[in-house]
Amino acid sequence: MSFNTPLDLRYAESHEWVRVEGDEVVVGITDYAQDALGDIVYVELPAVGATFNAGDVFGVIESVKASSDLYAPVSGEVTAVNTDLEDDQAPINSDPYGAGWILRMKSSGEESALLDAAAYEKHVAEQQH
Amino acid sequence: MDTYEPPIFELSSPGKYGANVPDLDVPRAELPDDLLRQDDLAGFPELSEPEVIRHYTRISQRNFSIDTGMYPLGSCTMKYNPKLNEEAARMPGFAQAHPLQAEELSQGALRLMYELQADLATISGFDAVSLQPAAGAQGEFTGILAFHAYHLDRGDTDRVEVLVPDAAHGTNPATAAMVGLKVIEVASDERGNVDLADLKRKLSPRTVGLMLTNPNTLGLFEEHIVEVARLVHEAGGLVYGDGANFNAILGIVQPGAMGFDFMHYNLHKTFTTPHGGGGPGSGAVGCTAELAPFLPGPLVNRTADGDYAFITPEKSIGRMKAFHGNFGMLVRAWTYIRSMGAAGLRKVSETAVLNANYIRTQLDDIYPPAVDRICMHETVLKGQIAGATGIRTLDIAKRLIDYGFHPPTVYFPLIVPEALMIEPTETESKQMIDAFIQAMRSIAREAVEQPELLLAAPTKAPVRRLDEVRAARQPVLRYDADKFAKLRDSE
Amino acid sequence: MSHYISITDADRAEMLDAIGVDSITALFTDVPEHLRFPQLDIPAPLSEPELMRELHRLHNTNASAQTHSLFLGAGAYNHFVPAAVDQILRRSEYYTAYTPYQPEISQGTLQAIFEYQSLICRLTGMEVANASHYDGGTAIAEAAIMALNVVRNRRKIVVARGVNPQYRAVLRTYLQGLDVEIVGDERPGASINDALAQVDADTCALIVQSPDFLGRLHDLRGLAEQVHAAGALLIVHFDPIALALFQPPAEADADIAVAEGQPLGLGLNFGGPYLGIFTTRQKYVHKIAGRLVGVTKDLDGKIAYTLTLRAREQDIRRERATSNICTNQGLMALASTVYLSLLGRQGLRKVAEVGYHRAHYAAAQIGQIPGYVVHADQPFFREFVVQCPRPAAAINAALRERGIIGGYDLAADEPQLGHAMLLCVTEMNSKSEIDELTAALRALV
């Protein structure tokens, strides 16, 4: 099975993606992650203003049959959350890198330490076997 | 016949009632106006007794149950629930006794509890039993709290890790977390046993204990059980036994003798108390003399003059629930043990194991076994049928419904892909088991030749497959006339 | 053989042959030989008639609400259980089914639980009710754990003294492994306000009970505001029968409302199985422990019920789950559902009213006996404190001689009340029974 892994993003081993936009980063879960979870039915979002260290749990994502913690891919303060997801979680499945974004954080510059698309695909391939 | 029955709220009409309550025969007292309810219970159902009975009888017919068919749900021991037990539990001296009435007015109930404690201790090879826990999960919680208290009592304060095999029931890790302890997963080896090398690596002075189901969740007897227990004890840890699979070993082997320190009994599995559509269960616990002082109270003791009395152990972890356990379930379990005797109980396990192995050997040519070994009371197969594409275990399970069987447990244990966990129990006949085997073989053929039959299944149940995503995304968790109307009209 | 086993000797021989082993023993070779087939010293089996006789002997040595006038409550109440309730419980389609994991063939159980959740929401005014917990005490403990997960990083639970002492004990058992402090109930006679005074910036919940353990009704309006101001949650333990007459927990703006559901058609059963009612607000639905049933449609567009929001539960979340609860009290929830449907709007109110007035009648009568002091200065429901001229244990022993089971002895729980007992009167205690109790107490002065 092949998954969409855009080249311009950075990835965490825990399957979150990061897009740098100015001095902020946008965070969501990858196409591989949404497919593995199945239809998402709930996302627990943090409060705007909350701060996390890279690797901290910032929320929970649930499908009908699975539940997974969400991990902050970088350190920093949450500047916005996608509140549309409170009522409709479908975009996480249908458009994980677009309308399915989860939150924005102030950039800490750590994103360069994350995986690039090729390394993430390799990581996924190792997990799948 | 369409068996749909509307929610009771839609059957209500003002002015009716369905119970004959005593009339007021004393003067009215003053009511505190400022504390009164304002809505006069608006929206509560108003039906006559015959209407209520018909409603709940009609919806009961939309259930599958042990009394209507074979229910080979692995790990759940869906055996026949004796009718005598039901009569016993309803006897007024049991059903209408108050839990706090004086002990001298409760000697029958206390004697029954005392004897059940003794019988369960004997069957499992333990020194003490508490009947307090309300369910298996609460029994586990009791055990891990007792382990924690035991270590602390010895001044052993660094033990914070609970070892749990990767094949364990979800309640095991959840229980350890409830006690504030860390869960360390232990791998299984290729024969389905605890991987001894991995166990040795993970045992340490931080080990509280190991939680183990034996037979394990693959339906296999732990071949190195004595060694496993020895290793855990050597590391200063304790061994907890999840009694979910106890139906395999009554009169065959005692957990206490195998090296377990503590276990729970699922009285609703092994000892025939009914599952009730998801409870009440009853999770009595047994343990060694070393752990007995930590048991939850109250227990029943016999005094020097032959009376029965409640006592609380000296270092008790406390009470797990109000009063003395799910007493009604205790009456049923006691009645069952008295019906069976020691030889009867051994026959139960022998037959349960016979039935499971029979199913295994009649199906393992088309449904690959998780581990190819003699199993205990249940067998774990994989829903991987050669030549069938796009068919999953879920589809096989749903197709079984059309054949008139309750599906086995599916997708558990988690370490087995496409798992089908089949537990026939000792109460099924060979004829019924053969019919089940035939159904499974037919389904395997259909999976190759007519997969659409599996994918569309079930078609003979009261409803077809459900839109579970919708249920979760727009949860409707209580009756609301508008939401029901909207749902009815929706696509 | 046993009449519960359906395999004959001939079947067994055939099956062993098919398996490819020569004996049953060969199926147990994995069991260490020196441990195999222990002799179990348990009593010899009895036939059904013999066992019935034995059961009759046992149950007849117990007192019960049939043999005695019962004025004992303290968390277990003698209420009317219509015969129709048990007739439904005896339907084996319900009682011999398992958890409704296969919704297509479990619509009976699922619809009954959905109706249970709906009825409990109507009764309490709360937005969400789960499929139930083990009992009132464990429901309180689970509510506290939920509060710890909603209000993160706070480690204190304040519990009022008026909460049933057994429930407070269960709360302490449940939380002993977590680093949590439980305060508020240390001093005998402490009030809800005394507990409230201990709610601070480290508190995650205040737990109160109304009617409280001593039967007193509390006006809880305004309490939530103060608890919320401290950033904590308000947990209320209510009584489901009292709600037919008195303000529901939603009116007190409770965050979590729980109850012992035993009064709703379950009978006394010497303490169990009972029913833990658990309700909360919609916004906390993903934090709730235990099962939830929701409604949806099937492939043909038919209305159908299913377990939902399952990702909260232990079998999916494992060590990340906040509770290990697996079973609910399914059959007990069914009993209360049938009970509430039978009683309905009028019947439930009548049960509450008759009980209220009879309890007040009893309190008034006993209050006139010299030597007895009845605590009735505050509104109460079903139970009230009586200070007696002699120790409650002695009074109860004397009442027993007259076929009366007296009140709960408060000597251990509330020693400051002196020779006090907690008397309980429901719709099951007729005026003549109450008059007999009064006469008996008068004779004991």
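For clarity, chains are labelled A, B and C in written order, and residue numbers in each chain start from 1.
Keep in mind that, in the parts below, contacts are C-beta pairs under 8 Å (C-beta built on N, C-alpha and C of every residue); 3 or more make two chains touch, one makes a residue touch a chain.
All of these numbers come straight from a predicted model, not from anything done at the bench.
A.B. asks: Think of each chain as a node with edges to the chains it touches; is that a line, ring, star, complete or other?
C.D. replies: complete
A.B. asks: Looking at mean CA positions, which chain is nearest the middle of everything shown?
C.D. replies: B
A.B. asks: Per the centroid of Cα atoms for each chain, what is the distance between chain B and chain C, given in Å?
C.D. replies: Computed value for the inter-centroid distance: 20 Å.
A.B. asks: Please tell me the distance, in whole Å, between the geometric centres of chain A and chain C computed from their C-alpha atoms.
C.D. replies: That pair's centroid distance is 43 Å.
A.B. asks: Averaging only over C-alpha atoms, locate the centres of chain A and chain B and give their separation in whole Å.
C.D. replies: 37
A.B. asks: For chain A, jot down the residues that touch at least 2 other chains.
C.D. replies: 41-42, 62, 64
A.B. asks: If you look at chain C, which of its residues touch at least two other chains?
C.D. replies: Those would be 309-310, 316-317, 320.
A.B. asks: What are the residue numbers in chain B that touch two or more other chains?
C.D. replies: 468, 472
A.B. asks: Help me check something: in the complex, which residues belonging to chain B touch chain A?
C.D. replies: 468-469, 472-473
A.B. asks: Given the complex with chain C, which residues does chain A contribute to the contact?
C.D. replies: My answer: residues 41-42, 44, 60, 62-67, 69.
A.B. asks: Name, in rising order, each residue of chain A that touches chain B in their complex.
C.D. replies: Within the complex, chain A contacts chain B at residues 39, 41-42, 62, 64, 88-90.
A.B. asks: What residues on chain C touch chain A, complex-wise?
C.D. replies: 286, 309-312, 316-317, 320
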